[in-house]
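A, B, C and D label the chains in the order they appear, each numbered from 1.
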Amino acid sequence: MNSFGKIFRVSIFGESHGQVVGVTIDGCPAGMPVDIAEISEQLERRRSGKKGTTPRKESDVPEIMSGVFNGFTTGAPITLVTRNSDTRSADYEESPFIPRPGHADFTARVKYGGFSDFRGGGHFSGRLTWGLVVAGYFARKIIFPASVSAKLISAGGNSDIEKAISIAEARQETIGGIVECRIDGLPVGLGEPFFMSAESVLSSMVFSIPAIRGIEFGTGFAAASMFGSDHNDSISDSSGSTDTNHSGGINGGITNGNQIVFRIAVKPASSTGVEQNTIDLRNNKRTTIRVRGRHDTLIALRVPVILEAVAAIAFADLLMIDRGINFTSDRYI
Amino acid sequence: MNSFGKIFRVSIFGESHGQVVGVTIDGCPAGMPVDIAEISEQLERRRSGKKGTTPRKESDVPEIMSGVFNGFTTGAPITLVTRNSDTRSADYEESPFIPRPGHADFTARVKYGGFSDFRGGGHFSGRLTWGLVVAGYFARKIIFPASVSAKLISAGGNSDIEKAISIAEARQETIGGIVECRIDGLPVGLGEPFFMSAESVLSSMVFSIPAIRGIEFGTGFAAASMFGSDHNDSISDSSGSTDTNHSGGINGGITNGNQIVFRIAVKPASSTGVEQNTIDLRNNKRTTIRVRGRHDTLIALRVPVILEAVAAIAFADLLMIDRGINFTSDRYI
Amino acid sequence: MNSFGKIFRVSIFGESHGQVVGVTIDGCPAGMPVDIAEISEQLERRRSGKKGTTPRKESDVPEIMSGVFNGFTTGAPITLVTRNSDTRSADYEESPFIPRPGHADFTARVKYGGFSDFRGGGHFSGRLTWGLVVAGYFARKIIFPASVSAKLISAGGNSDIEKAISIAEARQETIGGIVECRIDGLPVGLGEPFFMSAESVLSSMVFSIPAIRGIEFGTGFAAASMFGSDHNDSISDSSGSTDTNHSGGINGGITNGNQIVFRIAVKPASSTGVEQNTIDLRNNKRTTIRVRGRHDTLIALRVPVILEAVAAIAFADLLMIDRGINFTSDRYI
Amino acid sequence: MNSFGKIFRVSIFGESHGQVVGVTIDGCPAGMPVDIAEISEQLERRRSGKKGTTPRKESDVPEIMSGVFNGFTTGAPITLVTRNSDTRSADYEESPFIPRPGHADFTARVKYGGFSDFRGGGHFSGRLTWGLVVAGYFARKIIFPASVSAKLISAGGNSDIEKAISIAEARQETIGGIVECRIDGLPVGLGEPFFMSAESVLSSMVFSIPAIRGIEFGTGFAAASMFGSDHNDSISDSSGSTDTNHSGGINGGITNGNQIVFRIAVKPASSTGVEQNTIDLRNNKRTTIRVRGRHDTLIALRVPVILEAVAAIAFADLLMIDRGINFTSDRYI
């Protein structure tokens, strides 16, 4: 089920070491200006090559294949792809028989009867998030003037993130992190009870990003230790503004007009430089593996722009459910 | 969007103080024996009336309206309802103009232009979870022999739950809690990349339950502080068993055959006995409210059976996507 | 898959000889006035008891179970049911082993492994269309000021319908008919390419009605015999009015602002008074059956109101996709 | 809504004169061999260039972008595209202001606020059916050993199709036709009541093909003139074989194991060589248009392979709903 959304629908395809990764956005309103340079700018935030990320130089150049005419969206499905290039498949040659711990190698092999493309994780690769960032570009325009912003607030349990990276690098290790996302400017009323609550839609999208282990809204897990009257947010005016924001901007699954706040936990990347135990499926014997491919010390560094994208996608869909498939057209004409 | 699921579809309807709350289960395999006493047993675990829960005596008796013939499911939609009875609407008479902090009163009012049934939260009431527990009864049969079990592991930040309740009751307060859920016996391979990952589907369902503030899988938020080689679960045999289970039984969004483990944070119930600040929408002036309705000191006490139900529902759908709409029939014939 | 629609969602449940037949309408805008007498009026048009229809006196009284408060829709799911009463089950007692030709008896038995409720066709009964008519009541309000009107234009190949009935009754036979539907007042632009074209959505709904064998839009099958320049409808002004309407008001799957016109073929009811050949599944021997249950000589007499309802439902969904889930609220406040 | 299907999902994208037309197939079982030459063979049947079709030489070469590894499907989304080449856009330069009768020019312009790609019909072009034929290749493998076969049985009301073409060509006209489709070998039990009846799913797909005006199953419209006992198909053995097949192999929306038979009406192509009346949207004055682009005299000639494809797609989805997303894998391993 590589498609998300009811009205604003995002479908991703491709493999880490195949021809392309790509995305189709269906249900995007007509008349939105499309600037490939702006898309590339957002993709740049997702790129590797910086301290703490893999030195793999991914080809991220987006190519528009459909849905854009004379620089504007047409209302037809928008497909963009990027060609894969710097793919050292040799690094991964043993994968089909020796599943890497923490990866989808084993589960994908069983699920697809040995036919999945195992190279670099294939379709399960974090590389597929390229399409999410591209779709996020369009989604942000839809939710405008609302704006979404995410940042890494700790890594390896440390708020000094540079330091955390250095420690991990010295051990050829990887570390996880916590990313916080805030959305300002959404109207009251988005979210559909029961099963498309704002939290349901957001969390569903968030757990589509590889390596996410948890999500919490507003005060989150800490709410479990609070008294009710401390946790409740008093409403201070008829627009719904609240004095506090323990609920993270959502009541009854519906946006309440205050800032949306949530945090996610990103696990340490599974590919580390350390030797690990696993099994050889050819003989059912234990063996060890040292992942030779390049890896990200702190994969969470690349997550904020992806998280912003999926949050924008989630609310773009909820907004279009509320306002209709063509609601934004006027703004752009 | 009061329906969940792709193949095994659950729809809920009703209001806290309306005629009924109910549920329709569509896509349930034919030939499953239905025992109303067993359903009632599960509903009993959700009931109030015990220490820490509201003294409201809810009428929970399930009435089968369709889809069952001669004691077996027929393949047609199964609808069950329960009549509402002990509903002291007078307790709630001010609600339409004075939104209760933490409730959906304000958001529902705005979203539905003042037409929502506000009595006791109306359609946003936790009472709607009655239908989830009923649907869970059928879902459990579908995932059998897998079994799901949830328990409250802390309340108000305290692992001594009796004590936590006593402290809160003394203050006329409410407290939250952490509920942990474990599922044993699921096959390898459930979950559909990308947007129906096992975590996506589970979290989407979980955040349909009112009052949930967070979810984490396996090691969860703690994973963000671990090194990759510590977090990775070594595979120890060709069935996919792992030495540890930091991933909570899911890799790449797909079940790996190990125990599924996740925890959720339940906020303290918004209705407390303490006076709280709010706004009077008639004059946009601040006022105070003391919720007169009966309330649950520790709403999380009622959550385990609901959490088990939604987990079973989520996996019933994933299993039926994998095995087909009629796959279980043989077992019961 | 007993649910239809993306935003305006209609789910039906129940059996011919079970407790109830019912319908849930989810995604209906809040603030619509609900008049049970008006619903009954539309149901009256579907009722039997007139010349050409079965003398079975169906209990059609609608009971509102949820989603309506103080006489208005609330935005929550609306559930209505009607209790079954005049159900002479004895008439059908041999059904499980001796499938009636033309009915779903055989297919349902195989599909559901013998567990389907066979009494009077069970869930496959035309009685389920009760819920469609009820949902149509709400859908008509949504598409208002557009209006939909259907009529029976021929029966048994005869435009004199009274005469056709008399001939059939004399032979204890059943006959089919052609029903034409026209919709005025829809805006330009409804229908979503490719797979939710106006014709796709309409036909999908229409073939949910039991006994429908064909559908044609505008000139329909006759178009296959026309020249292109004769078939094309010239546009005569900038509102899109056309001089002719061979296309039936739809171009490229999208409404063009002219009258929507389509016709459907209704087969003769399968239950006739004539002895027919079938098989006894207990011994795989041929046998004969004379359906003892009451039957409709001309089932198509009851179809117009159902056809209007499903057409309204189809366009209500397309309109809400276009305008958003709450677009109509203002009109009723 | 450019996606079809619940489990076997087909999404199309592209424009007539854009970069590509393409298709993504999601939910296709892993392990199916993919032979590009076989795909091209089916595409060849859809091609123009033969008597009665446009001389436009379309580039139909399929390029696999994802989802296939070592010659087999992987379980990940399969994307194929073909580059557009022989696109004489100049032929269409007046389109945005002077809508061609019978085309989607006017409706698309209104729906998308003037932003749709009008060149050659843009996304509404019959060229998009390229992707349906490609998806049909995969769908046929899924329903195997069932087989689907369609043929043109009349054109312009004439069963001598060569002659009909000659008459039309002499007048620079276009003509329509009737295409019949038969499917053998499907099991009993496909189709989901009520809204995914076999006829609902088939007709929904069929009306996604441009230029279709009607569909009828089995005896179709003629059924409306028959007596019930003549129309009923007697069951002759316990496998469900019937002596006649007036129902076209479907009872109660569910396949009954007999041959599926249906016919569709294809209208004459809207682009003819004859001058036609229309409107100039710049000044709201009537004008005439002679479509200069190349056109198909008998577009229905190209429909059989498309109809086979959509029929296979419809049943592939119903079969996978019944049997599960991975049910066919074993056959290919």
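One rule holds for everything that comes next: a residue touches a chain if its C-beta (ideal position, glycine included) is under 8 Å from a C-beta of that chain, and two chains touch if they have at least 3 such contacts.
Only a predicted model underlies this, so the values are computations on that prediction, with no experimental measurement involved.
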Chain labels contacting subunit A and also subunit D:
B, C
Specify the chain most distant from subunit C by Cα centroid.
A
Measuring centre to centre with CA averages, how many angstrom lie between subunit B and subunit C?
36
Distance-wise, how many Å sit between the C-alpha centres of subunit B and subunit D, to the nearest whole number?
43
Between subunit C and subunit D, centroid-to-centroid distance (C-alpha), Å
26
Give me the residue numbers in subunit C that touch at least two other chains, ranges are fine.
1-3, 6, 12, 76, 108, 111, 123, 189, 192-193, 321, 326
Going by the contact rule at the top, pick out the subunit B residues touching subunit A in the complex.
1-4, 6, 12, 99, 101-104, 106-108, 110-111, 121, 123-124, 128, 154-157, 168, 171, 173-178, 188-189, 192-197, 199-201, 203-208, 210, 212-229, 231-238, 240, 242-243, 247-248, 251-256, 265-272, 274, 276-279, 281, 284, 286, 300, 321
Can you check the complex and tell me which residues of subunit A touch subunit C?
6-7, 76, 189, 192-193, 320-327
Which subunit B residues qualify as touching subunit C in the complex?
1-3, 9, 11-15, 18-22, 24, 26-27, 30-31, 64-67, 69, 72-79, 81, 108, 111-117, 122-123, 326, 329-330, 333
